[in-house]
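Structure below; questions to follow.
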Amino acid sequence: MSQDLANRIVDKMFDNDWFSQWLGIERVLIEPGHCILRMKVRKEMLNGFGSTHGGITFSFADSALAFASNAHGRLSVALDCNISFPVAVKEGDVLTCEAKELSLTAKTGTYLIEVKNQKDQDVAFFKGTVYRTSKQWFPSDTNSE
Amino acid sequence: MSQDLANRIVDKMFDNDWFSQWLGIERVLIEPGHCILRMKVRKEMLNGFGSTHGGITFSFADSALAFASNAHGRLSVALDCNISFPVAVKEGDVLTCEAKELSLTAKTGTYLIEVKNQKDQDVAFFKGTVYRTSKQWFPSDTNSE
Amino acid sequence: MSQDLANRIVDKMFDNDWFSQWLGIERVLIEPGHCILRMKVRKEMLNGFGSTHGGITFSFADSALAFASNAHGRLSVALDCNISFPVAVKEGDVLTCEAKELSLTAKTGTYLIEVKNQKDQDVAFFKGTVYRTSKQWFPSDTNSE
Amino acid sequence: MSQDLANRIVDKMFDNDWFSQWLGIERVLIEPGHCILRMKVRKEMLNGFGSTHGGITFSFADSALAFASNAHGRLSVALDCNISFPVAVKEGDVLTCEAKELSLTAKTGTYLIEVKNQKDQDVAFFKGTVYRTSKQWFPSDTNSE
């Protein structure tokens, strides 16, 4: 039930999320408070060092934050995010990220998102806090949290 | 002299920075440790809420971090960045950001980047720390710091 | 009027803030959304490197965040904070910090707190976001924001 | 061997870490890149809300960051740290934290530190990045990393 709602919410988000579409994000797993995404780095995502622009990696993780937190049923927006970049990402790399819920209260949620490359190396760690508004994605689903 | 070097470095970075070009970033001011950039939000930069994807605003500020820190002469890479999003950014908004150097040591630099919209509202605050490698952008410029 | 309320709130907070008292924090300036504090580093504040424990500098800035944000009238609690440490702090150093309000919305506030030593060197930069509850410090003050 | 070195380093750090001693920190587990600590919240650690001052929780996690990262053998100092506070900590609470290494490169290390109370509730999430200097804690230990 909550799984079905999670899918409907993220489908609706993704259909209008032009930038996630531009990034070429694939949804591997969507659950309330949890998701796994994948994408491949293309040439137009590089920065002036010949590496992937940090904003690309951030955006990938930020989409995971949005999907995982909104999948609970309430519209939730990012307040504060931070990211560490231990290893450079290169053109052609296939990135996978997993968002895990660290905590969920009435008003906020905190998530850790780990981004790995195709060699299973950690390339970024993202921690983000969302504000959970009172607005439901599908108000008629009376059981949505 | 250092101003001239700053321009040469950022020109070289920007010419290969495909993602900053895709974003449509304009350079308003480039100085060692300081820069001002501008860009306009297009439809393909939106997320599933009809607002600008947080990754776009982050990327804009992250480019400012890269330009301001590298303009000192040494190749510098982002280690940790954090961003707060007080106000949503909409399609068509014209964003300006200014990177200011909070500190500069032998190994690291810390910057605050404020992002404003066309109404002069603060839409994001970004704080980032870079690691300053020993590699010079133009080794023949013996005076580069 | 709002200045008077700010003082009454921070007086009330400080009288029960045993840890700020242990730190020896002096209030130099208190205003809604703004404050300046001072403290001196004692031996019991040092870490295993002979420098000041990072938690001391964080605590000093975190008190500034609490005073500046609560001085508007509504009980406000820290959600996310980050700090960068460009320069080590030593025993006997006299620290001053200033909290400036970067943004204030109905639900959240974001602050930058700069910590300097007695030589006017920046020793830490702290950025924090608070959640503004609906609870008033002095409900009878009907004009409090 | 590396376990023995880890203990010697953290013993040496702790003996001079007056603030960790003031906090009443107990070392439950010390390993290279990993540690578990425990402490009890006393009245003088409270803030003006009757909760534990955020700086106390930060300090506890920051000590874990220092012990876990230095236990590899090289003197390592915090550059950037961030913390989220999902649940308030009260007087008398017994806190446990565990530092896990997210990544380790030649120059930097990134750690996640989870702080729980005696009810196993998450009360804080801390992510920190250290700069790894070239200075060894025990230079004669030629195998130390």
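Structure notes:
Letters A, B, C and D name the chains as they come in the text, with residue numbers starting at 1 for each one.
To be clear about the criterion, a contact is a pair of C-beta atoms (placed from the backbone, for glycine too) under 8 Å apart; a residue touches a chain by one contact, two chains touch by 3 or more.
Keep in mind it's a predicted model, so treat the numbers as computed, not measured.
The chain pair with more C-beta contacts between its two chains, of A-D and B-D, is A-D. Relative to subunit A, the most remote chain by averaged C-alpha coordinates is C. The centroid of the Cα atoms in subunit A and the matching centroid in subunit D are 29 Å apart. Chain geometry summary: the mean Cα position of subunit C and that of subunit D are 23 Å apart.
With centres set at the average Cα position, the gap from subunit B to subunit D is 32 Å. Residue positions of subunit C touching 2 or more other chains, listed in rising order: 79-80, 82, 84, 108, 129. The residues of subunit C lying in touch with subunit B in their complex are 80, 82, 84, 86-87, 102-103, 105, 108, 110, 112, 114, 122, 125, 127, 129.
Note for the complex: subunit C touches subunit D at residues 12-20, 22, 43-50, 53-56, 58-60, 62-63, 66, 70, 75, 77-85, 88.
Against subunit B, the residues of subunit D that register as touching in their complex are 79-80, 82, 107-108, 129, 131.
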